[in-house]
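Labels A, B, C and D are assigned to the chains in the order they are written; within every chain, residues are numbered from 1.
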Amino acid sequence: MIEKPLAAIVSAGLSKFGKLDGFSAREIFTYAAKEAFDKCPNLDPRKDVKGLYLGHMTESAEHQGHTGPLVADWIGLNPVPAVRFENACASSGVALRCGIQAIKSGFVDVIMVGGVEKLTHLATSDATEYLALSADNFFEQWHGFTFPGLFALIARAHMHEYDTTGEQLATIAVKNHHNGSLNPKAQMQKEITLEQAMTSRVVASPLRLFDCSLISDGASCVILTKPELAKRFSDTPIYIQGSGQASDTIGLYERDDLTSLNAVALAARDAYEMSGMKPKDIDVAEVHDCFTIAELIISEDVGFCKKGDGGKLVQSGDTAIDGNIPINTSGGLKSKGHPVGATGVAQAYEIFLQLTGQAGARQVNDAEIGLTLNLGGHGSTAVAHVYSTTI
Amino acid sequence: MEEITLDRDETGEILPTIQNFYRFCGHGRLMALKCIECEKLLIPPRIICPKCSSSRFKWIQLSGKAKLRTFSFIHIAPKQFSSQAPYIIGIVKLEEGLSLSGRIIVDKNVKLEIGMDLIVEFEDTVSVGWPQWPRYYFKLAKVIEQ
Amino acid sequence: MIEKPLAAIVSAGLSKFGKLDGFSAREIFTYAAKEAFDKCPNLDPRKDVKGLYLGHMTESAEHQGHTGPLVADWIGLNPVPAVRFENACASSGVALRCGIQAIKSGFVDVIMVGGVEKLTHLATSDATEYLALSADNFFEQWHGFTFPGLFALIARAHMHEYDTTGEQLATIAVKNHHNGSLNPKAQMQKEITLEQAMTSRVVASPLRLFDCSLISDGASCVILTKPELAKRFSDTPIYIQGSGQASDTIGLYERDDLTSLNAVALAARDAYEMSGMKPKDIDVAEVHDCFTIAELIISEDVGFCKKGDGGKLVQSGDTAIDGNIPINTSGGLKSKGHPVGATGVAQAYEIFLQLTGQAGARQVNDAEIGLTLNLGGHGSTAVAHVYSTTI
Amino acid sequence: MEEITLDRDETGEILPTIQNFYRFCGHGRLMALKCIECEKLLIPPRIICPKCSSSRFKWIQLSGKAKLRTFSFIHIAPKQFSSQAPYIIGIVKLEEGLSLSGRIIVDKNVKLEIGMDLIVEFEDTVSVGWPQWPRYYFKLAKVIEQ
């Protein structure tokens, strides 16, 4: 039995998401770090912060690996231990979990956890190729499988099994674009109509352009500390109460059930168990909508509705900002943007804002318990965290 | 039986490797591993049986008959495949119960449906070095029977 | 104050190192895992092992990222949490440290930590390019700097400052090739002469071919557990008593002193402090000889001799297997081979063999305390661990 | 002063970015950032001063005079540079106290030595898009003075 809370978040930062021309990954991360430092005047970064755990997916985009110490250097944290984590789009979700372990183990009292990606300078075909690196080379990449393609295979299976419709998927896109229109840091700050979404061009059938998240530059970070030190740095820390991670086969073809993401179900189960929370306790959730079908299936697999009802859930309005279980108030990957390595901690950033009442026009009333669900690849990794306002 | 160059261990056994799987493909054969201990079938091959941890296998040839589990038309492709787009990818269930991913190659007028009968074929390409291997793909079974 | 020991190693595995034609990274790792499982009959991998922390440097070599869950899947550990760590050549050293944190935090009781790399199918120019990804793209790679080149810059500075000679560097190569000739898993199992080393062709002056480690395929792993569970799995576990990690600038040009690796000194200091050991307590050490100059400088910076005396240290014979402080009994990266992601944990594997008396012809007498020092890039990361036979 | 296209923030300030550093190089100018708060010089540029955490900088032009700290002849190069090998890399100490890495370009008959006087020059290439930037390099100061 692990003593709770696991850790506290005392500050957080997020760069603008989008096409950040002229800035490299290390520079983009600096803007996220600067926000986190500026918001936390009691923290002396060079004295207090004893590590950097950084999610960063692809060395190919900037021809640059070893980004842990690189970024630590650029934000003035050298010579603290700095680590790069790569679990595809769950890179910083995994970094967050390992950051919690670093705190909980007694190795460090304060650590920065974040993520960064620089992608928009690439041609679409190159970005598609580099993102596909997280799929099995020998049995998926090698046969021309792409990430939209893999989620399209899942979508078609779900449609076949549960009569899920393209309109239900498009409804998720419309909701998330509405939320993104309320987020000044979102890449796309404009609403879309159901018709626009349903008539956009096909990327990988049955998925259309508006079913897909964006290609983005961006960075995110949080400052983690031991719960007993939290009030030294913040009057309104939030607490991490549960953490779950699970893996699934690297090849989609090896899964008996294509309509469910087993790693999501397992990661959520463990995060709930550790936190003592249940799906109905969650006030606000950020889940991995790399594609609309991913949000739909995750909303089922984390227990917000019964299996197969994800489409009905969004159509009911329950996942809107003023619904019973608001999902992706930030705009999600779909509208806020998806700088892959930054995404996991960007979810934590939104929950930090929501739970501390700083979410502005998209604030959920009385949000006290939050959930993040970060996916890597087509569900070969899933990481879930549960957050609360009280210890 | 034709001569196939395969990687073997020091005792002459054919190694349970991905490269050998694709070498068989290069000779028109879709092969799976069968665990000698627990009889589990494996495709792709593995060094250790995930069911019983044994490392003793034999290679067996599959029928190549399959049913379509799911599919997608890829319109935006990585650079390497851009010139082929749109093309079809899918996951099939092989007659022996295993699933496999691969290209689905059909005429433009064919309406694909989940459950359709397919059969394996092989690309007529020469391997250009590790890991550039000859590919298998799937086509409609009934067309082949014509 | 962290309670010690930090963790116990109850089993370990290493694939053959070298040019492993026809095997991919995931398959190579399986051979390492199989050795670790086979050596530990009381361990039920699928029941007991609750995570895989994997060092893996370059996605470019096999066009494959997301290798944590991929490898977990291939060795039968799916669906346990699986993480890929990338800190250049220190990738698995960092994974080991985070694995210790996972144990110490109470998140897991037993975890596998390892590393893997597949490189020998590449052209030398491609391998050189992918390894250089861990140097600063914008100020080093972009100007044609290579890893041999960066260590050559360090070597020339050390020669200039301390009259270190090419003969002293070559003596390290001769020693490590001798040790490798006694290691059945080494890539190069043959002795070389001083003359051979000193007349081999120049790679990046003043470094010659025999000053450089090899390009290798290979994998390594250890099974870590809580100290109090160690005897359940092994009669002769070894214990990790100290762990240190530090970073340095990503750009070599930013360092005031080119003759010392500051991250090495800091990582070693922290590992010594945590363990309560001093340099003179170490019976056997595996240190990162990616280039002969690296072993020479590390032997100074971890305190085996005074600054500038690294050349004299090896010439005195003290670092030979029967010397006062045997270094790289395995043959080191120089002769055993350097599958970069696997190297950090391969060092731990050698210490495990030495401390449990299983090192055969290269066994150090009465080895009870061991040190590993794993370097990432040109010292932008360093990770040190101290091991002991007794609790 | 010639017109240089630079990235600027919303107030018109030249951003302290690596791209701007190289854009200056493209116009024959080796520039450093100077922290307005603590006067620390920075090259490469950074968004935050590593000494005092300020984000207020001005760009200043360096003399380009330097001394050689260390060097190496590269014989085995990445593919991109293979055709140029052997070539020389080095780290120099600039007159203003900062160090920088780069190519050292000298005649074949010159014997390089640590401490030699160098001066910066710039490649005559056009940037082909981010992050393919025009390079600086160093040559012997005395040759230039001839």
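Rule of thumb we're sticking to: contacts are C-beta pairs under 8 Å (C-beta built on N, C-alpha and C of every residue); 3 or more make two chains touch, one makes a residue touch a chain.
Everything quoted here is computed from the prediction, not taken from an experiment.
Contacts with subunit A and subunit B are shared by C. Per-chain CA centroids place subunit B at a distance of 38 Å from subunit C. Each chain gets one centre point, the mean of its Cα atoms, and the points for subunit A and subunit C are 33 Å apart. With touch defined as above, residues shared between interfaces to two or more other chains in subunit B number as follows: 18, 131. Touching two or more other chains at once are residues 24, 62, 78, 137-138, 141, 251, 254 of subunit A. Chain pairs that touch one another, listed by label: A-B, A-C, A-D, B-C, C-D. Within the complex formed with subunit D, the residues of subunit A that make contact are 21-24, 27, 30-31, 33-34, 37, 45, 62, 74-76, 78, 121. Across the complex, subunit A meets subunit B through its residues 123-126, 128-129, 132, 137-146, 148-149, 152-154, 156-157, 160, 201-207, 251-255, 258.
Considering their complex, residues 2-3, 24, 57-60, 62-66, 68-70, 72-73, 77-88, 94, 97-98, 100-107, 133-138, 141, 243, 245-251, 254, 262-263, 266, 376-377, 380-381 of subunit C touch subunit A. If you check the complex, the residues on subunit B that touch subunit C are 7, 15, 17-20, 46-50, 53, 55, 129-131. By the touch rule above, subunit D contacts subunit C in their complex via residues 18, 22, 44, 69-82, 84, 87, 89-91, 99-103, 114, 131, 133, 135, 137.
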